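What follows is a pair of complexes built around chain A, which joins chain B in one and chain C in the other.
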Partner chain A sequence: MAAIERDPVTGRLTTGHDWNGIAELDTPIPKVVIFFLVVTFLFSLVWWILMPAWPLITTYTRGALGIDQRTEVEESIEAANAARSIWLSDLAAKDWSQIQADGTLMAKVKETGHRLFGDNCAVCHGASGTGGPGFPDLTDGDWIWGGDPDAIAQTLRVGVNSAAEDTRTSQMPAFGRDGVLDRAQISDVAYYVRSLSDPSLATPETADRIAKGKEVFAANCVSCHGEDARGNVDLGAPNLTDSHWLYGGSASQIVTTIFGGRMGHMPTWEARLAPEEIKMLALYVATMGGETQFTGEQSQ
Partner chain B sequence: MPEVHRKLERNAIGFVLAIIVVSSIGGLVEIAPLYTIDETVESDPNMRVYTPLELAGRNIYIREGCYACHSQMIRTLRDEVERYGPYSLAVESKYDHPMLWGSKRTGPDLARVGGKYSDFWHVAHLINPRDVVAGSVMPAYPWLARNPLKISDLGDHLAALRKVGVPYTDEMIANAPADAFGQASPDASQASGVTERYGNDTTVSAFDGVPNRVTEMDAVVAYLQVLGKLTKAAKTEGAAGQGG
Partner chain C sequence: MIRQLTSGERRSAATILVALVIVGLAMAAAGRADTLGVHGAIVFLYSLVLLFLVLSVIFDPEPEPSRLSQYYDDPSKVGIVLTMIWAIFGMGVGVWVAAQLAWPELAFDAAWSSFGRLRPAHTTGVIFGFGGNALIATSFHVLQRTSRARLADQLSPWFVVFGYNLFCILAVSGYFMGITQSKEYAEAEWYADIWLVVVWVTYFVLFIRTLARRKEPHIYVANWYYMAFILVVAVLHIVNNIAVPVSLTGAKSYSIYSGVQDAMVQWWYGHNAVAFFLTAGFLGMLYYYLPKRAERPIFSYRLSIISFWGITFFYMWAGSHHLHYTALPHWVQTLGMTFSVMLLVPSWASAGNALATLNGAWHKVRDDATLRFIMVASVFYGLTTFEGSFLAIRPVNGLSHYTDWTVGHVHAGALGWVAFITFGSLYSVIPWLWKKKAMYSARLVEVHFWLALMGTIIYVFAMWNSGILQGLMWRTYNDSGTLAFSFLETVIAMHPYYIARAFGGLLFLAGAIVGTYNLYMTIRYTPEDATEKAAGDLPVPGRGEAVAAGE
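Up next, the complex of A and B:
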C-alpha cells in the first residue's frame, strides 16, 4: 500500500491504494450534488409536515395543510356550479317557452346539452341523434312518447320499461309466438301496414289481401296504434303511416316484429343526471327534430 | 462504523440478510399499515356480493382482457366525476379478487356503467360495436352470444372466493348453478331464489334476449349491469358531483 500523496497535476490527494503502480485520486463528490441532496431531504421534511404522509398503526398523519383529494374535487365542482349558477338558476326558474324565447340561455343550453348528449345518449341514439335499428331516431320529428320538452323530460326521468317505479311502459305482444295470429294473418296484416306508408302496394290484385289485413289490424292493433294507425304518444305506440321504422320497414322485419313482439328499453336517468341537466337535455333533444317542435305539438 | 461494515461485507450470509432487511423497509412502510389502518376503507354492511351469473361474467371480462382498455376507477378529478359520476371508493372493490381498476383507458371507464344503457344495447354492442357506435375501435365479441355458459362449476368459484373473505353462504354455494340459470330466465322457477338470496335489487332478466338459455353474453351483460350498483356508499359518501 502506497502512502497518500498529492498528485502534482491536479493538486488532489490520492486514495492511498496502489494497483500495480496505478494510484487513484480521492476527488470528493461535487458540492452542488451534496447541496441538492440536502435540499431534497429538507423538502421532504417540510412535505411530511404539510401533506398526509406517515402511516401510524391505526391512522396516518393528516398534514398541516389539511389537503384531501376528496374535498378538493368537491370544491372544484362547487366552484364550477357557482360559475354556472347565474344561468342555471335562470334555467330552473323559467318554464319551457320562456327558456326557448331566451336566445342567450338557449345558446348555453345547446352547448351544454351537446356535451351531455355525447356523454350519455349518443351511444344508443347516435352522435347526431339519428338512432339505428332498435334505437329511435330523434331528428326525424316522429316522436314515440311525444316531442315537446315536457314529454321528453319525463321520458328522460323515468325511462321506458326501465327499473324506475313510474316508468313509461309499452310492450307489443308477440302475436305469432303466443299464438294469437296464424302465419297467413301475420302476413296479411304486415302487408296492410306496409301499404299505409307505401300506397304503391295497394293495387287491385292485392285489394283482397289488404282488406283481410285491415280486418286483422282492426281486431288486434287499433287499441294501441289507433284506428288510423297513427300511433298514440300516451301509450308509446309508433305511428305506422310514416316512413320512419324503429325496427325496420321491410316485409320480413315487420313480420318479425308482429311475430315476436317488441319491448324497447330506455334507462331511467333520474338518479344519474341532475334535474337541470335533464331540463337542458330535453330542450336540446327537442331542437334535434327541427325548430318546428317548439310549437309544443305532440307526435308527427 | 466502517469497521462494522468491513466485517459485514465479508460475511456472505450476513450481507444477504442485511440487504433483505434494508430493501424491505420501503415495502413495509407502504404496505404493512394497510392491514392495520381501517379508516381508509369505508364500510357498508348492506353491500351485496356478486351473484354466480355476474361472477361468471366477471371471469369472462378477465378472460377477454377487457381491463386492458377499460378502467373501473373514477378518480377524484372534476372532469371524471362530472362525466362518470361519484368518484370510486375503496369499499366498492371489496369483493373484487383481483380488483379490475385497470390503468389505461382506450375505452371509457366502466365503474358506474351499470344501468346506464339497456341490455339490448350491450348485446348489440358486444356482437359488433360498429353497429351502434360508428367509429368505435373496440373489437367484436360475437362468440359470447353463441357460447353456452359453463355453470356447473360456479359453486366452486363461490367457495374459492369465500376463502379470501367474500361472505357467500353455504346456501349460495349449493345453489350457484341454479341461481345462474334463474337470473337469466325471469319466467323460470329458479328465478325467485336469486332475489331471495341476493336481495330484491338484483336484476333478473333475459340479458341476451333469449330466456331459458344461459350464454356467456348473459353473464357479461349481467356483470356490466351491476357495475357500481353493489353498494350505494358512493352516493351517500358525499361526492358532490351529480355527473352522468
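Up next, the complex of A and C:
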C-alpha cells in the first residue's frame, strides 16, 4: 500500500493502491455513465414489452405488438406477390406478340429478365450474354435452336442434352476418333468449312483441296448442317457460313471439333424457374440479339 | 533458458515430452490412413525436438537459488518472439486471402490454397497465434509485476507456451489439409481441442497459484481481465467443441449439437470469444501498459471495476445477435439485441477510462509512438464497440448482415484495437524484459505506427463502403417488384474495394515486418540498461519463496 496522494493534474486523490508503480484515482463514476446505463436499460425495457423477449417455462413473453418474425416474413411475401400479380397475370394471359407489343409490360419483362439472367444464365453465358468457348453468344443473332421467344422458352424448359425426358438432344460425332474420316479428309473438310465464312481462302491453288473437302462435307455433314451449311435449328446444328463459332473458328479448333466431336450441355430450368420466369427470360433473351436476330426462315 | 529449470523440473519436462513423443507416434500409426497420421507426425517431431533440447542439459548443475528472488520472464520472452512470427504468418495469409477475393487466380487451382482453407488459417493465425501468444506472454509479465510475486513454478509456464503453440500448429496445418469441424473460430478437430483443454487448465491453475502468492492486498483490475479471459475461454471452448469422433483413428468428428441449437451454441462461443479473448484479455494489457507508459494514475478505480463487471455480464447474453432473422426464435434475438445495446455503456466507460488516464500525458502521446499505439487502440476500441452495438440492432443488422460491413467491423476491432494495443504493449515491455534502455529504433516504431494506422483506415473504409453498397444492392427493388441487381452484379461492384482492402492489409503487414525487425535488432544489438531502475524490477521477497524453492 502506498500513501493516498493528491494527483497534481486532476486534483483527485489516489486510492492508495500501488500496482508496480501504477496508482488509481478515486474519481467517482461519472454521472454520464449512470445516465446512459439507465437510458439503455429503459430502451431495452420498452423493447422487451413490445417484442417477444423473455423465456417462460413452456412459452415466452409475446410482446405487446404481437409481432413475430415468421408472420412478418409471410405477410411481406404476400404483399409483394399481390403487388406483382397485377402485371404477372397480364403476362400469363397474353401471347408472345401481344406482350412484345405492350411497351409497359415489356419494360417490366426487361427489368426482371435482366436480374433473372444475371442470377441464372450469366454463369455460363456471361454477364452480358456474350458467351465463351462452348457457351453460345446470345447477342450475335445467330441461334442454334431458334431465336424466337417460343423456341428460347422451349430450350430453357428442357435444356440441351439435359436430364429432362424431352430434352433437346444434339451431338456431333467424333469423325476422327471413331475412324469415320482419315487425317487428310478432316484437314480438307476443315479447310472447306473455313472457306465458307472466309472467301479469301478460296484461291486457284486451293481449289482442289476445297473440292475434296466439299465432297467429304456432302457425304458426312449435310444431314445436320444442310447442303448450304447454314445449319438447322431443329437439330441444333450450327450455321457454318457465318463468323460466329461456338467452339472456335481457327483451323486447329475446327479440326479438334471434327476429330473428337461435340456434345454441349444446358440444364433444364423447368424445375428451377416458375413458368412466368421462363416466359420473361425467353422474351428478354430474344431481345439480346438486337435487330439482326435470325428467325425460323434461316433453317431449311 | 532450460538451464534455469531445476533438475527435477528438467526430469518432469523430459517425462512429459517422452509421453508426447509416444502419443505422436501412436497417432501417426493409428491414423496412417487418414490426415490424422500427418498430425501424429507433427506432434512426434515437435516433442522430439523439445525433448532433445531438454536432454542436452539434463545433467547440468542446478540453477542459482537467487533466481527465485527475481521475476521469471523467459516464457514471456519466448512468447513475444512467437507473437511476432505468428503476426507475419497470420497477416501474410490475410493479405493473400484478401488478394484472392480481388484476383481469384491467386488460388493457383490447388486445394490447400483455396479460399476456404486459407481463410481459417488467417483467422486462427492472427487470433490464436498472434493474439493468444501476446496474451499469454503479457499476462505472465503483468501478473508477476502487479502481484509483486514470481510465477508459481518454472515448468508450467513452458508447458502453456509450447503446448499452446502446438495447438496452433495443429489447427493451422489441419486447415491446409482440409481438416475442419466447420465451426467459425473453432475449426480445429477433436484431438487438438482436447489438447487445448489440458493446456488451458494448466494456464488457469498457474495463474491462480501465482495470484495466491501476491504481495498486494487486492487483485489489480488487469488481472481480473486476464483471469476472466482464461476462465471463460476454457468454458466456451469446452462447451462449443463437444463432439463425437467418427473413429479414434481419424480426424473427423461431428458436433453433438445440430440445427439452430448448434448455431446458437456456436455464436454464444463466437461472440464471447470476441468478448473474452479479443476484449477482456487485451483490456488486461491496456490496464497495465497504458498507465505504465503514460506514467499516469488510472482515471477512475471505480470505473474500471464497474466496467469489468458490466462487460463480463452483458457480453454473455449478446451472442444471438449473430443470428438475427434466422430460424432462431424471435425472443432470443430480442434478448441478444437489447443486451448488446446495454453493453455499449461499460465498453465506452472502459475506453473513456483509458483516454481520461492520458490527461496530463498528451504531450507524451504526441512524441511517443508506443503510447500513441495504445491511445489509438483505445479510440478504436470505442469506435468498434459502438459499431458492434449498432450492428446488433435488428433492423440495422438486416442491412449489414452477410455483407463486408461485418468484415470491416471485425477488422476495426482486430487491427485497430487488438493489434494496436498489442504492438503498444510489446514496444513497452520488450525493453523492460530484455533490460534495454529503449527499442533499437524509435523511428521504426514511428514508421510501424503510421503504416498500421494507414492500413487500418484504408481497410476499414473500403469495407464500410463495399458492405453498405452490397447491403443496399441486395435489397433494392425495381418498379416491377423484383430485385434490381443480380448477385453477380453485386460481386462486380465489390472489386475496387477488394483491391483497396488488400492494399490496406499489405500496409499493415509491412508494419508488422518492420516491428519484427526492430524486435530482432533490440534483442541482438542494443546495449543493456545498467541503471538502478532496471535492476529494481523485482518481486517482494516473502513467504512464497520458501515454498517455491521446495517445489
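A few remarks follow.
Here is the rule we go by: the second predicted complex is superposed on the first by the 213 of 300 C-alpha atoms of A that agree within 3 Å, B and C clash if a C-alpha of one lies under 4 Å from a C-alpha of the other, contacts with A are read in each partner's own complex, and residues count from 1 in each chain.
Throughout what follows, a contact is a pair of C-beta atoms (placed from the backbone, for glycine too) under 8 Å apart; a residue touches a chain by one contact, two chains touch by 3 or more.
It should be emphasised that the depicted structure is a prediction, and the values quoted were computed from it without experimental measurement.
By the touch criterion defined above, A:H265 lies against chain B but remains apart from chain C after alignment on the C-alpha atoms of chain A.
Once chain A of one complex is fitted onto chain A of the other, the partner contacts of A:G132 are limited to chain B, with no touch recorded for chain C. When both complexes are overlaid on chain A, the residue A:A93 reaches neither chain B nor chain C.
By the touch criterion defined above, A:A80 reaches both chain B and chain C. Looking at the shared chain after the overlay, A:A53 reaches chain C, while chain B stays out of its contact range.
Of the two partner chains placed by the overlay, chain B and chain C both lie in contact with A:D119. Ranked by how many residues of chain A each touches, chain B and chain C are led by C.
Contacts of A:A3 after superposition: neither chain B nor chain C is touched.
55, 60, 69-70, 80, 116, 119, 122-123, 127 are the residues of chain A that lie in the contact sets of both chain B and chain C, per the superposition on chain A.
For chain A in complex with chain B, the residues that touch the partner chain are 55-60, 69-70, 72-74, 76-78, 80, 116, 119-120, 122-124, 126-127, 132-135, 163, 264-269, 272-274, 277.
Residues 145-146, 148, 216-218, 220, 222, 288, 291-292, 296-304, 306, 310, 325, 329-331, 333-335, 337-339, 341-342, 344-345, 348-349, 352, 359-360, 478-489, 492 of chain C are the ones that touch chain A when the two sit in their complex.
By the touch criterion given at the top, residues 1, 7, 9-10, 14-15, 17-30, 33, 36-37, 40-41, 43-44, 47-48, 51-55, 60-61, 63, 67-70, 80, 83-84, 87, 108, 111-112, 114-119, 122-123, 127 of chain A touch chain C in their complex. Here chain B touches chain A in the complex through residues 29-30, 32-33, 36-40, 76-78, 81-83, 85, 87, 115-121, 124-125, 131-134, 203, 238-244, going by the rule given at the top.
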